[in-house]
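Input: one structure, supplied below.
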Amino acid sequence: MDLTFTPEEDAFRREARGWLEAHVPAKPLPSMDTAEGFAAHRAWERTLNDGRWAMVSWPEAYGGRGVNLIEWLIFEEEYFRAGAPGRVNQNGIFLLGPTLMDYGTDAQKARHLPRMAAGEDVWAQGWSEPNAGSDMAAIRATARLDGDHYVLNGQKTWCSRAVFADWIFCIFRTDPESQRHRGLTFILVPLDAEGVKVRPIAQLDGETGFAEVFFDDVHVPVENRLGDEGAGWRVAMATAGFERGLMLRSPARFQSTAARLVALYKDEAEQADPALRDAVVRAWMDAEAYCLNTYRTVSRLMSGGSIGAEASLNKIFWSELDVHMHETALSLLEARGQLLPHAPDAGNVGRWLDGYLFSLAGPIYAGTNEIQRNVIAERLLGLPKA
Amino acid sequence: MELLFTDDQLAFQESVRGFLQKECEPERLRKLWETESGRSPEFWAKLAEMGILGMTAPEEHGGLGMNEVDLVLVLEEIGRAALAAPVAETVAVGVPLLAACGSPALQAEWIPKVVAGEAALSFGHADTPFVHDAHVADLLLLHAGGRTDSDIAVHAVPRGDVTLVHEPGNDPAGRLYRVEWQPSPETRIATGAVAGTALALAFDRAALAAAAQLVGIAQQLVDLAAHYATQREQFGRPIGSFQAIKHMLASVQVRVEFARPVLYRAAWTVAEDTAERMVAVSHAKAAAAEAAILAARTALQVHGAIGYTWEVDLHIWMKRAWALDVAWGTRLWHRARIGRAVLDDSAAPSFGYSARA
Amino acid sequence: MDLTFTPEEDAFRREARGWLEAHVPAKPLPSMDTAEGFAAHRAWERTLNDGRWAMVSWPEAYGGRGVNLIEWLIFEEEYFRAGAPGRVNQNGIFLLGPTLMDYGTDAQKARHLPRMAAGEDVWAQGWSEPNAGSDMAAIRATARLDGDHYVLNGQKTWCSRAVFADWIFCIFRTDPESQRHRGLTFILVPLDAEGVKVRPIAQLDGETGFAEVFFDDVHVPVENRLGDEGAGWRVAMATAGFERGLMLRSPARFQSTAARLVALYKDEAEQADPALRDAVVRAWMDAEAYCLNTYRTVSRLMSGGSIGAEASLNKIFWSELDVHMHETALSLLEARGQLLPHAPDAGNVGRWLDGYLFSLAGPIYAGTNEIQRNVIAERLLGLPKA
Amino acid sequence: MELLFTDDQLAFQESVRGFLQKECEPERLRKLWETESGRSPEFWAKLAEMGILGMTAPEEHGGLGMNEVDLVLVLEEIGRAALAAPVAETVAVGVPLLAACGSPALQAEWIPKVVAGEAALSFGHADTPFVHDAHVADLLLLHAGGRTDSDIAVHAVPRGDVTLVHEPGNDPAGRLYRVEWQPSPETRIATGAVAGTALALAFDRAALAAAAQLVGIAQQLVDLAAHYATQREQFGRPIGSFQAIKHMLASVQVRVEFARPVLYRAAWTVAEDTAERMVAVSHAKAAAAEAAILAARTALQVHGAIGYTWEVDLHIWMKRAWALDVAWGTRLWHRARIGRAVLDDSAAPSFGYSARA
């Protein structure tokens, strides 16, 4: 155990911090759920890529820096400290990219990875269907092999970014006789293909971060299949796997929220109810604990360890922490906390309401916390299936 | 000793519920949101026809002369319907305050209009930053001066004489305004101790009305989630058959059910203006808000991603819960008020247990 | 709605308060789980009965005062305010007594009620078996009709008070072919009958409030059956019914704990963490809410209403409240809270530890809170059975 | 940067676990309770043989010269076994304090005896009312004076020279004593800043040791409950197949798992005596205690009535959890200490996120 950063790690941090200080936009970009904001975020991805900071953990051959996971954590810490924009292409960079490196053909890698890195192709993900949410294996959308093409039919939903994205990755049922997680195939689909219809889904705040995607006899070439036919579940599980999930929820995200909460508390301390002090301390503690646990996990992975059902512990911890932090902030803000960001008196506190609404999705997406608790109970604690 | 509503009170609640279910379904609420004011004069007139707007008005002004015990169940229904109209502001707070402080002429000018559905009221208190639905209130009852100092006064100011700054908030059913205005002798309707007493009572009435609505909202959220859980299937069975879903909804129902008697008792203490009023109202507001906030979280979790969308109605009630939770004192504010009475002043007797023999 | 007590109610309260002030022992009695304490508590029951305060809600014909439920609440308030001893015969007075009145023959009433009232017969209850806990219908102990006797065999457990009690009431399976809650019969058994063996169960605090009771060819006359043969489940449900359960958990019990917690907080306020203030307030609020809800329920019952699955809401509320109050007290007491009552430095605070251990049983006994949540979900909220 | 134990550290943990499973099973613990001291000199000698008692002793006194990172996993196992012996007091706190403040002669007198299993130590600090297992400690290290004033001192007092007042507590595995004694120049081993620094460090070592044991206890409680839930049938199936049971145990495991890295980091800050030590130790103690207390509640609920009995072993660990929860600072005490650093002094950097570039 050695909890000091090495000189090399410090140097990497300095380099990242310097670049980010020089390049992070001074003003926050508009929401990426608007056309204007999406374009601005895509431009930011290009800027990152120009500095070779878009995918630091990718191999250099694909435009990354090939850094290890500790360095990736350091980069994320600097990224959040700098208040840099959200990653509009996170589905591509963190989920599909690494999966392509593992399962893709050379042609697929050459075709997709550079454009993904450069922000030229922004990727949406299409996991869920209306009747396959928590029950992810209940997929019904079909892909029928017809010569050198697949013909796609069906519907995907909760496809984040799909309104403005260029491509989507999905799993389809290629064997109509198959049940559950067998007979599925992982396919990459351009969102401008004929027969694809994207319907934005308005969220409860009125924004459209999600969409439904309808496939009506959509033809895609066989080359768009990732992995073998019928292996879709395994490829999808790899995509959703722990290391990649980790990248979407780096500790710095929660530590930066905790730091903002601490600052808010200091502003409000005089009039705040004394009970809130302890709530702020707990939020800070849990953000630290999440960070420490990630360093522990990463240390283990770097020593050849692997991670399985523990990912479910993580999911529960960060999602509950995120809700708790935002609830505490709203308690501190009292009536002001309900103002929308553009209200005259909202100042800079309107962000907490936005963040609260987003945090409430945490215990739901990426596998509800109920599903995660089943996984922990059955796989880690050995309790019998129902 | 009887903690029970009369058959008449329960029957009126039933008829209000039926009326609101018919007149105020989500489809209409959504259409209202798209109008400029977000409120409907036609619907306001229907509320008058139902007798709701006249409930607290003195009989001499055409009202029903009822009190908070009569009103509390109606306010619960208003919460359950997520009604977008300043009923609480007008009926629960405005009319009683006007009746207590307004000159006979002022009362005669305004109260009959309220009863007839031709006017609405709202109320601003220094302990809360916003005036709710001020844009559709014809007369604003406003607190001037501090809480207890010699400058304290109640003013009645027509909307045309103030400047309203809209503060867009999360809940379309209750718009928030900062009111900029100048107190003047012409608008002043009470001063000194009379004003102080009336304002404290009006604040408690507003908190009680919020509590009543929150109980209705909480129950509605539980019912919506239970209904969804009965329909939605995953893994080949309704999700409501999973114990995780059952237990989280059952836990919410416990909090909702135990907020009710607290609410009803608070309504009685306001109606009778007993010594326990402040503690009872704070208890009701804190307990109702806790139930409603827990109900919102749980109902969303039960719905999953679909509950997070604009097109599913769930958010209508969630937003109402979040807004009313922090209106007229947060849970912590009210618990702190109880704490001062129970822990510092020893001024709060326990119901029954502390009764004098 | 009228939340003032009537002059008659006030007069009843005055009378009860006066009698209790004159008669409640100045020093707490020893634990009723010891022989000495049991005797002292039995003597207290006699004193109560002499004043006709043992069973105020029983009809006058059976030695009670025939008071209504509001007056019963008033009596309990005064009883707890006076710090009067626990009721060693509560299983008899509150559970079996009313059931006897409903289901008993005249001979059974005459034989049991007066002796129960006078504390001459103290009753234990025998609901559970080792494999019939939460699953109460899984009863295996048998009663075989043999002429004018039943022959009892099997085992009951968690029989509170059975170590020193005189009688026990149980349900037995009279139809060996029957399943679940059919074919059961309610039988009254003297604990000194031949073939009955009582084995005390030590609790985690070392006391023996429970026992196991073994039946080895125990003969009891047919007259000891309460209700019809095969109707045992119905009779048992009546015994465990809401009104009777209410009597075991009167609001005053929790309000008196809340009052002690408030007093403790005032003593400790200077050095107490500010976060505990809010916890004390919440405890006080919930004790009040439980009281108000009971008055509401009682008002409804007195107007001809009835109570069903709502009893499960009650069970969860009071048991969680009781744990919360004791946890808060122990938080206030810090290290001192772990001292046993006889420790030199324990002063009068050792009672909180005892109370905490007892409170932890609350979410378990009388139907675990998990069972109660099932009942609420299925019967009140209409969710489907698994 | 690496938050990981070495293979040697993990192997030693394994061997300690095996040893304790064999030597310290519940049957033996219960027999010990019935002895007068509740502790076993034979077992103490075995702990010495295992090398546990010498872990922190300097090599010159026959010890292994190890630090808190080496020790923390062993203390976790000691918690998991509910060991009734003053290992934490002696090894984690006493020996390092003696090694830091004791004269060479005093060290040479006592430390080899500890290493050999012939002596035990305990520690008393003014911030905590009781000295644990003082009755079997041969030498007591005691805090005299206030926290920071000029009178502050560390004394080393043989047990024969103090009066022990037994304060019977809920946990048989850790007896509580009030120590009555007179400081004298003969017993004084450090004064002033040296004493202040050493006492603060000793307090943190004690809190860290309690945290480590609490993590072990918490995991043991979860494992016991999971095992029971797999065996116990109701309604014709193992109760562990019910989602309610699954979810409550899963929720505990989350807290246990996230207490671990916090604990390990705290051990490292103590070993290195970094600027973050106090905050890290407080975090570890508060997080470990929260996990253990939740585990105790949940394990009891999973067991049902049987868990409430003396004859089932569950209470052995529950009582240990309750006792260690309030030893060396309660959760609230430690969170308040974190609060002062984070909210008042801005003295607590975030791990990684606040790193200097």
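A, B, C and D are the chain letters, set down in written order, and residue numbers restart from 1 in every chain.
Simple rule for what comes next: a residue touches a chain if its C-beta (ideal position, glycine included) is under 8 Å from a C-beta of that chain, and two chains touch if they have at least 3 such contacts.
Everything numeric here is computed off the predicted structure, so don't read it as measured data.
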Please work out which of A-D and C-D is bridged by more C-beta pairs in contact, and write that pair. A-D
So the chain most remote from subunit C by C-alpha centre is A
Length of the line joining the C-alpha centres of subunit A and subunit C, rounded to whole Å: 53
Taking each chain's centre as its mean C-alpha position, how far apart are subunit C and subunit D in Å? 40
Multi-chain contacts in subunit B: which residues touch at least two other chains? 242-245, 247, 332, 336
Residues touching two or more other chains, restricted to subunit A: which are they? 273, 275, 277-278, 370, 373, 386
Mind pulling up the subunit C residues that touch subunit A in the complex? 273-275, 277-278, 386
For subunit D, which residues count as touching subunit C in their complex? 128-130, 165-171, 176, 178, 233-235, 239, 242, 244-245, 297, 300-301, 304-305, 308-311, 314-315, 318-319, 322-323, 326-327, 330, 332-333, 336
Subunit B - residues contacting subunit D, complex: 242-244, 247
Name, in rising order, each residue of subunit A that touches subunit B in their complex. 128, 131, 133-135, 138, 157-158, 201-206, 210, 273, 275-276, 323, 330-331, 334-340, 342-346, 353, 360-361, 363-365, 368-370, 373
State the interface residues of subunit B toward subunit C in the complex, per the touch definition above. 1-6, 69, 222-223, 226, 229-230, 237-238, 240-243, 245-247, 249-251, 253-254, 257-262, 264-265, 267-269, 283, 286-287, 332, 335-336, 338-339, 342-343, 350-353, 355-357
